[in-house]
Structure formats: C-alpha cells, structure tokens
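Note that the chains are named A, B, C and D in the order they appear, and that numbering of residues resets to 1 at the start of each chain.
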Amino acid sequence: MGREQLLREFQRVRAFTEKLCQPLAVDDYQIQSIVQTSPPKWHLAHVSWFFETFILEHFKPDHAPFHASFDYLFNSYYYTHGKMQPRPERGLLSRPTVEHVMAYRAYIDEQIRKLINQVDEKAWPSLSNRMVLGLNHEQQHQELLLMDIKHNFFINPLRPAYRDTLVIPAGATSPMHWFECEGGLYSIGHQGEGFSFDNETPRHSVLLYDHRLADRLITNGEYLEFITDGGYTNPALWLADGWALLQTQQWRHPLYWEQQDSEWRQFTLSGLQPLNHAEPVCHISYFEADAYARWVGKRLPKEEELEVALEEQKMIGNFTNTDLFHPVPAKKDGQWFGDLWAWTCSPYIAYPGFKPLAGRMGEYNGKFMSSQMVLKGGSCVTPKGHTRASYRNFFYPNERWMFSGLRLAEDVA
Amino acid sequence: MGREQLLREFQRVRAFTEKLCQPLAVDDYQIQSIVQTSPPKWHLAHVSWFFETFILEHFKPDHAPFHASFDYLFNSYYYTHGKMQPRPERGLLSRPTVEHVMAYRAYIDEQIRKLINQVDEKAWPSLSNRMVLGLNHEQQHQELLLMDIKHNFFINPLRPAYRDTLVIPAGATSPMHWFECEGGLYSIGHQGEGFSFDNETPRHSVLLYDHRLADRLITNGEYLEFITDGGYTNPALWLADGWALLQTQQWRHPLYWEQQDSEWRQFTLSGLQPLNHAEPVCHISYFEADAYARWVGKRLPKEEELEVALEEQKMIGNFTNTDLFHPVPAKKDGQWFGDLWAWTCSPYIAYPGFKPLAGRMGEYNGKFMSSQMVLKGGSCVTPKGHTRASYRNFFYPNERWMFSGLRLAEDVA
Amino acid sequence: MGREQLLREFQRVRAFTEKLCQPLAVDDYQIQSIVQTSPPKWHLAHVSWFFETFILEHFKPDHAPFHASFDYLFNSYYYTHGKMQPRPERGLLSRPTVEHVMAYRAYIDEQIRKLINQVDEKAWPSLSNRMVLGLNHEQQHQELLLMDIKHNFFINPLRPAYRDTLVIPAGATSPMHWFECEGGLYSIGHQGEGFSFDNETPRHSVLLYDHRLADRLITNGEYLEFITDGGYTNPALWLADGWALLQTQQWRHPLYWEQQDSEWRQFTLSGLQPLNHAEPVCHISYFEADAYARWVGKRLPKEEELEVALEEQKMIGNFTNTDLFHPVPAKKDGQWFGDLWAWTCSPYIAYPGFKPLAGRMGEYNGKFMSSQMVLKGGSCVTPKGHTRASYRNFFYPNERWMFSGLRLAEDVA
Amino acid sequence: MGREQLLREFQRVRAFTEKLCQPLAVDDYQIQSIVQTSPPKWHLAHVSWFFETFILEHFKPDHAPFHASFDYLFNSYYYTHGKMQPRPERGLLSRPTVEHVMAYRAYIDEQIRKLINQVDEKAWPSLSNRMVLGLNHEQQHQELLLMDIKHNFFINPLRPAYRDTLVIPAGATSPMHWFECEGGLYSIGHQGEGFSFDNETPRHSVLLYDHRLADRLITNGEYLEFITDGGYTNPALWLADGWALLQTQQWRHPLYWEQQDSEWRQFTLSGLQPLNHAEPVCHISYFEADAYARWVGKRLPKEEELEVALEEQKMIGNFTNTDLFHPVPAKKDGQWFGDLWAWTCSPYIAYPGFKPLAGRMGEYNGKFMSSQMVLKGGSCVTPKGHTRASYRNFFYPNERWMFSGLRLAEDVA
C-alpha cells in the first residue's frame, strides 16, 4: 500500500472508531458490565496503545510515551511485553478521563502520520505491514465496542438505547435452501496478497465428506419452536458442560430476549423491541446452537465446510456499512456473509504448519487455541471489508454477548 | 425550627454536597471500587431519593415522581419500601448521567422548597422533624462521599488527587495524658431538644468501673513501632477472625500505607504523601486497633466510657470546616472530637428500651445491630455540627476505608 | 481433687466419649459435612492431642509423641503452638484410621494415668488444674460429637439414625410463666472453688433494668405460628445480616425441619420424626430467634439477665444423663437448664477485667470475642455436670447446627 | 460371546475390582479429595448400579432394586435417567457402609449370573452386547479407582502408601527414535468384531501431512530441563488459559513432584519416592505437555497421527497386568501402548457420521464433546485388554490426576 493510501485508510478507520462513540455520554465510557467486556474508553485507548507499542516504539527509537502509566493500563494480554491492569478491573478506572484518552488518540494519530511520512523506503514495507495489522486490530475493537456497549446498556434497568431508530427491512425470511457439497479434497486458509491474520495460514488441504449446508441462518421464529418444545428442559439435547451451565445460569432463552406478559421482546442497540420472527436468532452460545441442531436432527457446520462454501459466495451482506447494527431476515439469494457470525462445530486449533507472528505479536492469536470454537462469516457489527472466507473468529462455547447465530449442516448419507 | 431557618439549612447542606463534588470529572462519578463504596453519582441521587420518598411522597399526595425507575435505582436498603438495584452493581450504571442526576437534585430542591413554604401549620412539626432527619442523612452521605472518593482514587494506578494541596499543621503531637474516671453509675444516650438518631436513645444509666482513657489518638509513629515489633506476624495479639483475615488479605499495615524503598507513604485525598509520624493512625480495622491495644498492654474504650468522657469535652475539633479532610496531630488540650472516629470495644446493640422509628424509617439504624462495633467522636470528613457525644457510628470489625482511629483505655486496678 | 478421684473422673469422661461413638460404623468416623463440623475421628484424636500437648509435654519433659504428624493433624486452632491441618480439610483424611486413633487414645490414657500416679506433690496442684481443664475440654467435644454426627447424618439422603428409639415424654408443654426481676445492681461471673473457664471471670457487678424472663423455651407449635404468619417473608422482622442470609440460603424454617405433603417432620438423632408441637424449637440461628421475638413483641434476654435468673434455679434438666439427646416439653416448674442453649441478645465480649489463661492456653476462649453471641443454660447433648449459671457458650448469629433454642424476655415499663 | 465365557469374564472383571481395593482400610473408602475424584466406595457401587440399571432393569421386568435410594446415590451423570447425588458431595456419605456396598455387589453378581443363565436365546445377543459394555465400564472405573486412591493419599499429610514395594526395572531409557509417516489419506476409527465405544466409530478417512512421531514418551529427566530452563516462568511458551491457571495454582512442576532440599521426589502408589529420571514424566496437564513441546520446538501429535501409528504397533506394554501401577522407562522397541496416556493436540469431538448409543446410554460419551482433549494409548493403570489403537480417552486441558504423559511430534517440511 502506498503512503497516501495508508494515510487515508488510517484516517478512515480511526475516525470510524470515534464516530461509533458519538452517541455515548461521558458517563457511558466507564462501564465494564462483565469481565468479558471492556469500557468504551479502554477500547479507545488500547487500540492507540497498540499503535504506540508495536509501531511507534519499534520504528521511532526516540519515541516519547504519551504517559508513563498507559503501557500498564492499556496492555490487553501481551504478557511477554509486560504487566497490565487486571482485566476484571478495567471498569474501576475513572482516570484517565475520556478527555485525556481523546488527547492520547490525537497524539498517536499525529505521531503515526509523521512516521508514515518520514520513514525511509527500506523500513516502509515492514511499517506498512504492521500498520495494516494495527488497522485490522482497531476494526476488531470497533466490533467489540458495539458488542460491549450493547451489553453495558442491557444490564442497566433503564434499558437505554444507543441509537433511536431501528428500521428493519419488512417482509419474511426466504425459505431455507441447502447448499450441497461433494466430499473430497479441498483447500482452505488464506492465500493471495491481501491481509490475513496469522491463524488463517497456511493454506492447506482438507478432506470433506458429502454434506449440505443451509443457505441462511435459523430465525427467531424457528428458535422459538425449540423453546416451546421444551428445548431448554431436555438434557438429552445438550452437551454436558452446556447443561450444567444452563442449570446454574437459569438459561431459558437467548441472551437478550425477555417475555413480557406473553409477548417476546429482545434488547437491541435501539432499546427493547418486539421480537421479529423473521430475523436470524442472535446472541446464542455454542451450547444453544448445538442443542438446537440436535433437536432438529441436523448438526452445525465444520469450519472447513463453511470456509469452502464461503469461498464460492460474493462478499456482500449486512456489515456496519448498512448502519443497522442489527441482523436482518435472509433474502432470496441466501445469507452467507454478514448479519451474524455462524457457530461451527470446530474447536479453534492451529492449522497444519501454523506459525504465529514473530516476537511479542505472537501472542495475538495462537495462545487462545484451547477450549474455544470457530465462528465464521462476519456480522452486522463487523466493519465492511474486515472479514473474508478464511477469517477465523473464536469464542468460548458459553459466551453469548457477541453477535452469534446458527447455521445448520447435515451429512449426506 | 422555623421555615426560614430550615430553608437556609436545607440550601446550605444541599450546596455543600455539590461543593464536595466540584473537583470531580464526570468520569469520577461512576466508580464503585468495592462493594462497600458507592459511586458519587449514586450518593447524589440517593439523598435526593430520600427526600422524595420519605417527605415529598408523604406530605404531597399528588407528588409526581421525577422518574419511574429512580425509586428502584436509588433505594439503598429499605426492603419494606420496595425492591432495589443490587448493591454490588451500583457502579455498573452509566445512566442516569451525572447531568440527569443533577436535574433530579434541582427538581427535588424545588419541590422541597415549595413544600416548606406551603405546608399547613398542623403538618409543620412533623415535616420539620423529617426534614432534619433528611439533612442529617445527607450529611452522613457527605462523609461517605469523601471516604468513597478516596478509595476510588486509591485503587487507580494513576493515584489521582482529589485536591492538590495538603497543608498539615507542622509540629509534633502532644504527649498522651490519661483521663481518669471513677467507677459508678452514669448516664448515656441522647437527651434534650436537639436532633439525634433513634439509636442514641433512650438515655439510660450505665455502670462504669474505674478506668482511664487516653486524651489523644495513637499516632502513625507509635503504630509503626507495633509493625516493626512484628505486630502483624504474631497470632497471640489477634482476635481469631482478625488473624484469619490478615492471612487471607495479606495485611501488613493500615489500608492506605505503602512502603517505597524504605520510606513509608500514605495515600491521601491529595495523593500519595510521606507518612507523618505525628498524625493519628488512620484507616485501621477493629482487629488492628484491638491488636495494637493488646500489644501495648491496654484495651480499647467501651462505648459508655467514651461517651461519658466526650460529654465533658468541648465540641471542637478537626471536622470538614477546617477544609483539611485529613487528620492532624493532637494539640495540647487533647484530641476528643474530630480527626478520626475512635473504635470502641463495644458491639453495636440496642440501648435498653430502644424503639426504632416507626414505619419504613425503622430500617434506618436498628436492623444493623449485629456483628458491628461502635465508633465515636467524628472525623475530619464529618460535617461540623453533625456529631455529638451520644453519636453512635458503626462498622464491621474488618472494615478500613472509613476514617477510623485508635484511642487507648485501661482499667484502674 | 485427689489423685484417686481424678483418675476415676478421667476414666469416666474418656469412657463416655467412646460410648457416644459406639453406634457408629467405621465409615461414619470420616465425615465432615460442613466446615463447622469435624469428623468424629478427629474429635477423638483432638481431645487426646490436648492432653498430650498441654499436659504430657508440659509435665513429662521426656514424653515421646505417639506420632510425629499428629501435632499437625489434631491441633485445632492454637496458632501460637504451631501449624495445623486446614479446618475445611479435616474430612479428607482417611489416615490415621479409626483403629489407629483408638490406639492413640489408649496410649494417652496410659501415659496420663502414669503421670497422675507419679507426679510429685509440688506439681500436683498445677497438674490437677490442667487435667480438669482437659476433662472439661473433652466434655465440650462430647457435645460437638453429637451435634456433628446429627449433621453428618442429616445431609445423607438415606437419613440414617444414630440410635433407633426416641421416647419423648408424652403430654403438652406447661404454660409460659414470667419470671420477674427488679432492676438494680447484681453480680455475675463465676465464683467459688469449682471449675470455670477463663471467660466466666472475674465476677463483677452489672446493672439490670426491670424486666421479666419466660420460664420456658418457645415450642415448635409456637414457632410454627410465626412461619404461618409469614415470618420468613417479612423483612421488617429481621436484622439486615439475617435477611440477606435468609435470601441467599432460602431459609423457610429451622435447620432440621422439612414438610412432606402438609406434614412437618424434623430430623433427629433417631432419624426423621413427626414434629412434636410441644417440644422447644431447636436448631435456629440468632437471626431466627431475634425475628421471632420481634414478631411477638418481645426481645431476647441479655446474658446478665439470664445468668442472674439461672443462679436462682436448681441445676436440674435434660442433659446427656437422660440418654435422650433430644429436647423435651417444659414441665410445670419451668425449663431453665438443659434441653437447649438459649440465645441471648448479648455479643460475646470480655467481662471487665478479663484475663485469658497464660501462654498458649490463652487462645482457648478470648480470641473468639468478636461477632459471636452468648448462649446459656446447656442442652440435652451437654454432659450433666458440665454447665453452670455462669457458663458462656458462643456461636455466630448465622449458625444453626448446635442445639439452640429461644427464650423470651421483655422490659417492664 | 458364549454364556460360559461371559460368566467367566464377568467373574474375572468383578473380582479384579475388589482385588484392587484389598489394600484399603474401611476408612479409605470414603474420601473424595477433589471434585473430579470419587470415593472408592462410590466406584464399587456405581459400577454395580450400572449393571442394575442398564441390564437388570432392562432385561428383568420384575427386578427388585437392592435399595430404593441407590439409584439416586450411584447414578453418575445420566440426567435422562433421573436425579442424582451432586458430584461434589459424593465424599460426604458414610452410608451405605462399605459392608453394605459389598452386599450390593454380591446381590448384583448373583442377579447377573442368574440372568445370563436364564435369558432366552432371542434376548441373548442384546444382553451380551450390553454386558460387554458393562464390563468395559467397570474396567474404566478400575483405572479411576487407582487414580483416585493415589490422589486421596497424596493430599494426606501422612502420605500413606497404597502398596509397600515399588520395583521399577533398572536401567536408562532407550534413545528417542522418530517414526516417520508420509502424508496422504488414511483410515481411523474402530472396525471389526471386537468391542469399542460409540465414540470410536465410524471408521473414516483422514488426511495426514508428512510428519514424524517420537517412539517413546518424554522422561522426567528431560522434563526437568524444561523446568530448569524457566519453563514455568516464560509466558511465551503457554496457551493463555494455561498461563492463567499456572499463576492461580502456582504450578511449578508436575502434580506429584516435590523438592526436598535439592532432591526431587514424586508421590507414587508406594508413597514418596526419589524421582527416577529415566521414567516418563507423568501427571501433567495438556497445558504443560503443550508448553514443553513448544519449548523444544516440536508439537504434540494429532489424534489421527497417533492412531495410525498405534495400528502398526503390537499391543504390548505396561498395563495393570505388570502389577506395577507405575510407568517404566522405554525399552529398545519404543513405548507405544501402556505406561501413560499420551496427550494429543486434538480436541475431543465427534467423528464424521458419529451416532451415540440409543436411549439413555447415549449420555455415555457424546455429551462430553466440548473443551476436552483426546489422549491415547493406555497406561500402567489401564487393565490389560481394555484399550486399543482407536480408543479415545479424554480430559480437560487443566487436569492432572490421571496417568498422562507426553509424546512429541513434528511436521516434515
């Protein structure tokens, strides 16, 4: 990427982060509703810390840190880099203030711009690569910002709305069609010149069996049938860890649903709304997705099956550019990218021959390869252009605050 | 109290609460560092809720609540009144915003002023009494505000200062003198026309034994000798519950102390400061106070001993009016009121014949009469005029974030 | 006490401990149902460790310990003596076996007998005193054994019976009479030549107010009215700590009660039995006793009120010598000693001038003087002869597995 | 299998379970040291419950249960069958006694023998299949018995020995050789007539890449180099969940190791023994195995790689028939089966086309397919004849009390 283009891209991504925060009051920047979420203020600072630590400190030996304590406060999980504020205590910090964090962002912006303009040609390819990583990193936190804001507002008895209006396209979902795939050897993993994370490589062969995949996600209406049929009370449908959790947490429905009188509603970024039966069901755990699939006599797709299918689809869908931040019913041509991350039944482990990034960046992805599951496809809160067929998102099977959905698969006998 | 006077007093107390918050950034109003503290924003709203719930709703049958959810959000512990936001989750609420809470205060101020001006003569005595309780309640929260802000800032790695300057009077503490008291029957408890809480009544006889009380609090320097002598490592000095706690919490010194190189420092409302040996030791638990007393061969005073002694002292001392918000060394004439609440060895239980306030107000004090200890005398963060000899403050023996200190007593054989 | 008499007493007390264990299977000796209880095997060894540590090691400098690890395993809470097996893990030890523990007892018995016979006259008074303490200590553990066995069996779904038959005297309870006491100065605390624990001394004056005490305990039938009237659902009746606990623990009745169909039953040492309405209500916490008293418009007795009353009563009652191990309905002449320990509203703190025993024995009683409440009178599982008017039993206000009951008091206006 | 043969096999397996318990005192049967282990008594009863519930109740409609409560007490995790004693509370039950449990075993033995002799030919194949499952189930609990007894004794400060003598073959381990495997399509999964669990089926194709596997396990001596090199203090070597755990649990070495002075010892079923450097390292978690492999620049084998290799090996090794119950150094011809279960880097998930057993037995294996890892090969506490190449053992990545070891693999570039 050329300097001009990178400067524009840097400006665009940084500005979008701040735009996402515009509806927030200063008060909203402090909240960490659960240990998995982070205060918006922390996200704003952390992505800047990432540029400061892994780019400015690396390429500008005389770089003066903005603040002596920010390295401690805004390191997320890079243990080989240094100590950090404990994750569960990110929400206990009123200082630095939002104003101070915004000054930090401006300082980093200025320093990065200078660096891009001034670095010599020899260092450019390396800087450019690292910058693209930093921008993709900031985009990941754009999605996290929306996920976390939604949860921060959900646990507030006032049920505040992040935005006022929610205009969901009218009409029913399209019928489910099945996308057939013949067994055999296929290739998955990133290839080509574009950016990818280390965990998407190397591209390699996989063996698939005859199977089919649903061309759209399961809807709220379909999921409601599972609930009505006693899905949450029948242990035969659940993985053991899921059943234990369901009992402890008293799960009876997806995370943001609630029943008022006999009406179901769901909490959205526009506050509490009537449940739209045609929309894909959202904010479910792996355990719930898996139980639904078992109930209906199917299974979840494997990561490799879904990746192969995604490679054949056009990269269109409901991402942040629709400005909806909410999933919409499937259209006639199916629902492959966007709307919701689809749970796969594949644990998140290394691809054959996987090598993490060198040095401290090696902690970015590889160290999370235990006990998590892969999700694919992107969501309505994923920045457009950020995802791709080989993109591997991952969460623990019990987590629900991300925009996760459910696509069915089945073996062809 | 006349209407004019009450209006002035109401204006004065409400304004002082807001003045205490002036040094805060909007960000600082959200934080609840531990379950015992509350966010400053919550305090500001709760004291207003108290006026709204127990006065406006009582004396103005047509009172329109400011907001339908505030009764849930800002009820502290009145279970007979209704449900409430769980205490450990007070810090998770970004809404209502500080601005909204300030509007709430203004609304309540206006409504109360109208009520005072308009209520008829028949209702006046009852309203006046309840107003005085409301003002004393708000003063209690003024002290809590300062306690909680101190702790919120303490747990922040930036160690912010609530205020910039701390000017502690120079000079040593005065030598400790002993205040002798002959055994016999005495009276304690509130009497007279002034305000008191229900738990200070009825006035009643108590039997004292010959004893003496120290005329000042134990200093940081004296407490340091206890530490140096292994006070925190000798189980023979500690109550069993205290020793267990000390092990679990790794207590090695008072709450806000820390050792940098070989220098002791303490965190104050003006940030981290060198430890002043002449000041009274502050932020210690009952267990620490009791262990120190045992180490030095004395004991803590009984509530009734200290109350009898306080009745003979002038009500002067270091309260919020000194604008220090920090304890100072004892002067020649001793240290009886102000500076720090002195732990007594008396559990907080009912006086003989105690009757709690009628109705829902009965939950104000009486229901806390188990497992807590009485402290007396007021502190440097107690509003001047708020305390008196019969005032009974109470905390659990493990708590340390309040401005608690240590006065010695001993039996006279 | 003479050597002969002490030898007989030693033999009698030690034998009674073992007799209490006769109904147990080897399997039963290992169980620690909750952290407060100890396995019967642990009790058997601990009381022997007490004799070994505080008598044999003290009076026989060449004493050879029975086993090098027993000092660690069977020290209960003497931190100044040395380290110990963590209390919550007493039930995880299959070794030493019951057989090994019995050999330990026999070894200690033999050594103690030799010591009593051989010690010189000069050491005799000191040894004799310490022996009496050791015997009283073992008697305390006899009561604990029965309390703990009852709980160990209660949490077993088989609901085993410790003993087969339970013959409770038929007939109703006698009506409640009130024992009047005029206010004034009284003396409480142990006096005279007999044994007492350190916490019962010194005898001292107390000031009482006019009051009356119920001459019997509250019955199951009376307590059932409290339950039926919504006693467990009305926060106005409860101390704050109690109400919080009730919610967390889902308390709806005394510890060992259960409702089958509409019939109430209670678990006893003879298994599950129909609830006898005439018996005193048992296994209630301080919070429940206090809530009942508030509901009925009375209060619990103060420690000093009950002690003064007990001094006037004959030391007769339902102790272990009745071989019932279960409380019985009050008889015509009231119910003062035995049956159940009566909760007082007095926190367990030091008497004026209290001095703990010297040395490591100082940990016996004094260090527990925080957050616990005094109970008085002894119970049906207290060995006859072990208690007296000045005896101060103490438990935390939330505890229920001991044989605790409820006696009312009220002020006389 | 014929009736005679099955009767003999039944007799043999049941007798071996009881033989394993012979060194235990009655006291030892009650202990549950951690939530993962079960008291030996519970194992003895549970395997009998399995025969009673899934065979006697199924094939003998008039079967009279041995005891009405045993179905509740000894159901392990079959939620579709009914309620059960909570797992963490298995160790709190002194009743039924060991004697009673042995009578239960005898009753079940008698009933099963009658059933085998009396069932008609039509039902025979189905009964025979279910019996073989029951016997394999009991063999799994034989291994668990030894694992659990080892842990129960380990947490006892007396460090008791299950057996007196431990004779480990002298001599060094053989050098590590690498077993090469060319990439391509292979088959794994059970085939043929012998018994397998449902999770080993169906046999299916897998795609392997060029790789090599070590022909023996890593030794204590080799693992010690990892420790000495700071393996437990370098976050770059660890998966994130493992690093968090290591910090919380203060892991510094494998579970049963301890350092006395400068000597390393390990706890064995024969008590504390000097660490034999030539033996394979045992009782390590997946996180430790993975960290070691990363440290040495290799990786762990995939399940399919190890299964393919095991299929080529003779089924010989150190199982329970050696009567050692302890791993031994590798011999010249490598170390493939027995000694220790080798961690693979494969999460435990369903094989393509996997179908769980029908009905309640479906809970046997399938529901555990989340967040666990596969181990292969059997161990020194696995009954001889119980394992095979396709056998899939599985544990959570943090678990260490099983006999787990570490085999290296690497890609061939």
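Convention: contacts are C-beta pairs under 8 Å (C-beta built on N, C-alpha and C of every residue); 3 or more make two chains touch, one makes a residue touch a chain.
Computed from a prediction, not measured in an experiment: that's the story for all the values here.
The chains that touch both chain C and chain D are none; no such chain exists. The greatest centre-to-centre distance from chain B, using averaged C-alpha positions, is reached by D.
Chain B and chain D have Cα centroids lying 59 Å from one another. Computed centre separation for the pair chain A/chain B is 47 angstrom, with centres defined by C-alpha atoms. Annotation: 38 Å between the Cα-based centres of chain A and chain D.
Counting partner chains per residue, chain D shows two or more touched chains at no residue at all.
Chain contact topology: the protein chains form a single closed ring, every chain touching exactly two others. By the document's touch criterion, interfaces exist between A-B, A-D, B-C, C-D. Residues 77, 79-80, 185, 204-207, 209, 235-236, 238-243, 286-287, 345-347, 349-350, 352-353, 362-363, 367-371, 397, 411 of chain B are the ones touching chain C in the complex. Touching chain D in their complex are the following residues of chain C: 25-33, 41, 69, 72-73, 85, 89, 91-99, 152-153, 155-158, 160.
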